[in-house]
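Working notes, beginning with the structure itself.
Letters are used for the chains, namely A, B, C and D, taken in the order the chains are written, and counting of residues starts over at 1 for each.
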Amino acid sequence: MTEYSTQELMIIAAARQIQDGERIFVGMRLPITAYGVARLTHAPNAVGLFESGVARYEPADGMLYTMCDGPNQLGAAWTTGLIQIMGLLSGGRVHAGFIGGAEVDRYGNINTSYIGDTENPKVKLPGSGGAPDIAAMAERLVIIINHQKHRLVEKVDFITSPGFLDGGDARTKAGLPGGGPAVLITDRAILQPYGPTNEFHLASIHPGHTLEEVVQNTGWALKSVPDVAQTPPPTKEEMDALHHIDKEGFWRS
Amino acid sequence: MTEYSTQELMIIAAARQIQDGERIFVGMRLPITAYGVARLTHAPNAVGLFESGVARYEPADGMLYTMCDGPNQLGAAWTTGLIQIMGLLSGGRVHAGFIGGAEVDRYGNINTSYIGDTENPKVKLPGSGGAPDIAAMAERLVIIINHQKHRLVEKVDFITSPGFLDGGDARTKAGLPGGGPAVLITDRAILQPYGPTNEFHLASIHPGHTLEEVVQNTGWALKSVPDVAQTPPPTKEEMDALHHIDKEGFWRS
Amino acid sequence: MGERAINNHKLTSLAAAIATYVQDGAAIVLGAALENAVPFAATHELIRQGRRNLNMIAPISDISTDMLIGAGCVAEVTGAWVGNVSGGMGHNFRRAAEHGLPHPIKINDYSNFSIGMAFFAGAYGLPYIPVKSILGSDILKSNQKIKLAKDPFSGEPVALVPALKPDVAFLVVQRADCDGNSHIWGSTGLTQEASIAANKIIVLADEIVEPEVIASDPSRVLIPGFGVDAVCHVPAACHPAPLIGKWKRDNSFFHDYHKETRDPADFARWCDEWVRDLPDHAAYRAKLGGQLEELRVLGDAPSAPANYATE
Amino acid sequence: MGERAINNHKLTSLAAAIATYVQDGAAIVLGAALENAVPFAATHELIRQGRRNLNMIAPISDISTDMLIGAGCVAEVTGAWVGNVSGGMGHNFRRAAEHGLPHPIKINDYSNFSIGMAFFAGAYGLPYIPVKSILGSDILKSNQKIKLAKDPFSGEPVALVPALKPDVAFLVVQRADCDGNSHIWGSTGLTQEASIAANKIIVLADEIVEPEVIASDPSRVLIPGFGVDAVCHVPAACHPAPLIGKWKRDNSFFHDYHKETRDPADFARWCDEWVRDLPDHAAYRAKLGGQLEELRVLGDAPSAPANYATE
């Protein structure tokens, strides 16, 4: 059996969310590595979008600290403006986007703005960037977050990026064009919206983790889909691709 | 005394409307020659704008049939899109624009769309192009038209490009940001809006033409400003500049 | 820009691209750059394939729209100007608008800037754009799609221009690779906005180059290959319009068109000679022969290089 | 873009440009390209000249905004994200927002796309833009300037984002001539829209070139010289951010900033060392010395030429 770290499993679970030929808002860190793995395995025709104004076919050759770094621009499909790239979100032209956050709630709403009150915040987080736009408009949203009780909360203090809002059809009623969050990938499990409420349910547990542990580390009364599975471990092909992308072993530990 | 044709006088009268450092929507034919004369004489820092997406300092080297021709793009200050160039009309960033038309009325409204009814037009004219935008937004509009009774009319059949609408403060009330038509240059005279009605009045008569002739060829009861002048004939410097620009003598006859 | 274009080779003939992507009744952008880079080769092929009831959407496409109207392809014109830019009025456009010949046409009036905003809204997912530049114009009366409203911030009048989303956009580019990654230079009018607003994009490339040429300068890409549905290699597809650095404008061709299309029988003859009797654009170029060769740009005025090195 | 910029030589020092064009209380765009081409040299000079009560407007300017807040220059932040892109949170931003230190700041929240539309509206004379991409976000509650409304065509909800018109925009370009005609390549974020929306534009050019170099490629011009108010020759003005083809990103500098500005006294020391104790950007470059030289791009990956010849 191939060895892998939790981070590596998360990357591969994220890579599996990318289908061939799709246009993906990639974002930095873990998702950009996931994009590279997907391109090298099952999605050789995916296109990576970066809101600063970059679209790429091949992942960048070299470590990126920001999406604007030189290696992400050399040989790109398109270096242009933010409006041209983020404008692709309209009309179902972007299939998925990856975003993270400080807090996510049972309906997949994400907070990256204020912990506490907006006038008198306990913690002022950096803000939205393009996440609300991606969350509102992309066909599917993939959320990546560490699985801790104070991160997976009953209700976020501030909806920076909308999920299903109050659940049910609230999202559609608010006029949001995109499909909303499709999956939440943590370091312990994978959650998915389930049933008419669109509440996030446990869908699969990562190898080595337990149902009890996952429930205890979730800030709401976590329900499960009827057929909770174990998250399939990385295949050899996936791990080979990841090692090719992550030459320096940044994600290994 | 320098010899000149009527067309040449019109070009020079138009050139005098351009002040140094101004940004001007030039348009084709007569105005582009006027722009060249102004650059060579009193307005060496004027900037010429072309709605297809071109901005130039130096006039093009070579005869232009359209603003998109190669010589208008080689060595341009900017070749870009229509929105970038026409967008400069906002906020008083464009000082003047030149436009022509099939019909203009006593309040400087211009028709380039329909003679007769819109549903069943007697003559379908080519349409607006960017003229309404320039008429609405530029600080000043310079109208150039041949002086005939069926062209200078009481009321145009269709307002393609707004002047002072029904006169008085109708233009401001309609929410139009630009200053409106400042001058109407014909082959017989120069007209200007005068008084609180903003009706076009006779301001100067070209050498060799008479008040009676000008009035008879105007489709409304043309009034005069108190101090009607003779249009100053071209100076030697202006004619030298014009001959330099119009090497082939296109405007001489 | 299509929904799931996969990045693979899209090189095809123009005839095949039009057969695949253009249905009768389609809303078409053909020449959004104004007077340069007009895809006349596509104009001809639409006529040859006998498309009907098209809605031609563009600010100004020089004589392309007049040809399509005369050939009976057009039910609707959405734009700012139809005619012959250097030659005067468009006879077919006038006949259709004044006498319903060969068909009546519906005219949706816009100004250049307002149709630009309609494309911009269509391209970038905005339902409409509030515009001041057509206030006071009777375009607000003749075009029922545009609403006069009050700016809720200032209370001032504003014209709301709804998004336009064409079915197909044709564009001429100086060079493209087989996947549709394209370089354009010179003024582009509304090419970018109109193309991105369209559901399908067909690129007419004057030259097909290796992918490395395009990838050497991603900032010169106006439309990326992943948004392009078909790439057709058609040299001088712009004729008689110019293409910067490639082809000069054929001014006499525009002038002759004006003279030779004054009445319907004349236009029919012109259209047979220059379009219907020719199988494709290669035959059109062969017919032009030396006249086309004289328009070819032979000189070299190269852009200063931009360096994209990372180390 | 200013109202009557005359096309003449505008080359000046950055200190003089800021003294002339930036008043206390001004609304400033400093780095609209996101994480590249951030005009950090202007950040430093604003701190040195002690500007107060600025409104910093940008989607994301990496640590520039955090520096200005820490130095007491900022009353208001209008944007989508403030922090240290590769290094985490911005300590000064948090201190100001959470504890009012050194001053309380007003935060006007936008998303990247909605602030883009606000700049676009400001640049091109549109009073506001209706946007769908921030529906459902509490940005609609925290930012009172944005109105929730109904699309009058469809009846669906829409967020109306009013035009933003900053007083001054700073931008870093790879090369410019003495009149401010500039070439930029690589991704540009909102540089064009934000700059054109601004009343005054100050260009920080990495290199000053002959006018012929810029004029050789007018399609690479993002902002034409006639819209530029001052041109300053400041090599590596972007440091520690990257500039495509010119300077690599100084990742360790961002990391060190994060470590060395955890509390106000630390920030004050950092700011003295890197800004206040240095007379100008030349001194900053000299202090960096070999560290800066290692970031210089030495390789060559040139763009394929575009031909603008007319004959």
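In this text, contacts are C-beta pairs under 8 Å (C-beta built on N, C-alpha and C of every residue); 3 or more make two chains touch, one makes a residue touch a chain.
Just so it is clear, the model here is predicted, and its values are computed rather than measured.
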Shortest walk length in steps over touching chains, subunit A through to subunit C: 1
Maximum centroid distance from subunit A, chain identifier (CA atoms): B
Length of the line joining the C-alpha centres of subunit A and subunit D, rounded to whole Å: 28
Mean-CA-position distance for subunit D and subunit C (Å): 36
Averaged-CA centre spacing for the pair subunit B and subunit A, given as whole angstrom: 57
Multi-partner residues of subunit C (each touching 2 or more other chains): 117, 125-126, 132-133, 156, 158, 185-186, 192, 219, 244-245, 248, 297, 301, 308-310
Subunit A: positions in contact with at least two other chains: 54, 69-70, 73-74, 79-80, 83, 86-87, 89-90, 137, 177
Chain-level touch network, classified as line, ring, star, complete or other: other
Chains grouped in pairs wherever the two touch, ordered by label: A-C, A-D, B-C, B-D, C-D
In the complex with subunit D, residue positions of subunit A that touch it: 28, 50-54, 65-70, 73-74, 79-83, 86-87, 89-90, 113-114, 118, 121-133, 135-137, 158-162, 165, 171, 174-177
Residue ranges of subunit C touching subunit B (in the complex, touch as defined): 33-37, 59-60, 62, 79-83, 85-86, 89-90, 93-94, 97-98, 107, 109-114, 116-117, 120, 132-139, 141-142, 156-158, 185-193, 241-242, 244-245, 248-249, 251, 254, 297, 301
Of subunit B, residues touching subunit D in the complex: 20-23, 45, 47, 54-55, 57, 62, 69-71, 73-80, 83-84, 86-93, 95, 137, 177
Sites on subunit C touched by subunit D in the complex: 117, 125-133, 147, 149, 151-154, 156, 158, 160, 162, 174, 183-186, 209, 213-214, 216-217, 219-220, 244-246, 248, 297-311
Residues of subunit D touching subunit B in the complex: 1, 3-8, 123-126, 165, 181, 192, 196, 215, 218-219, 221, 224-226, 308-310
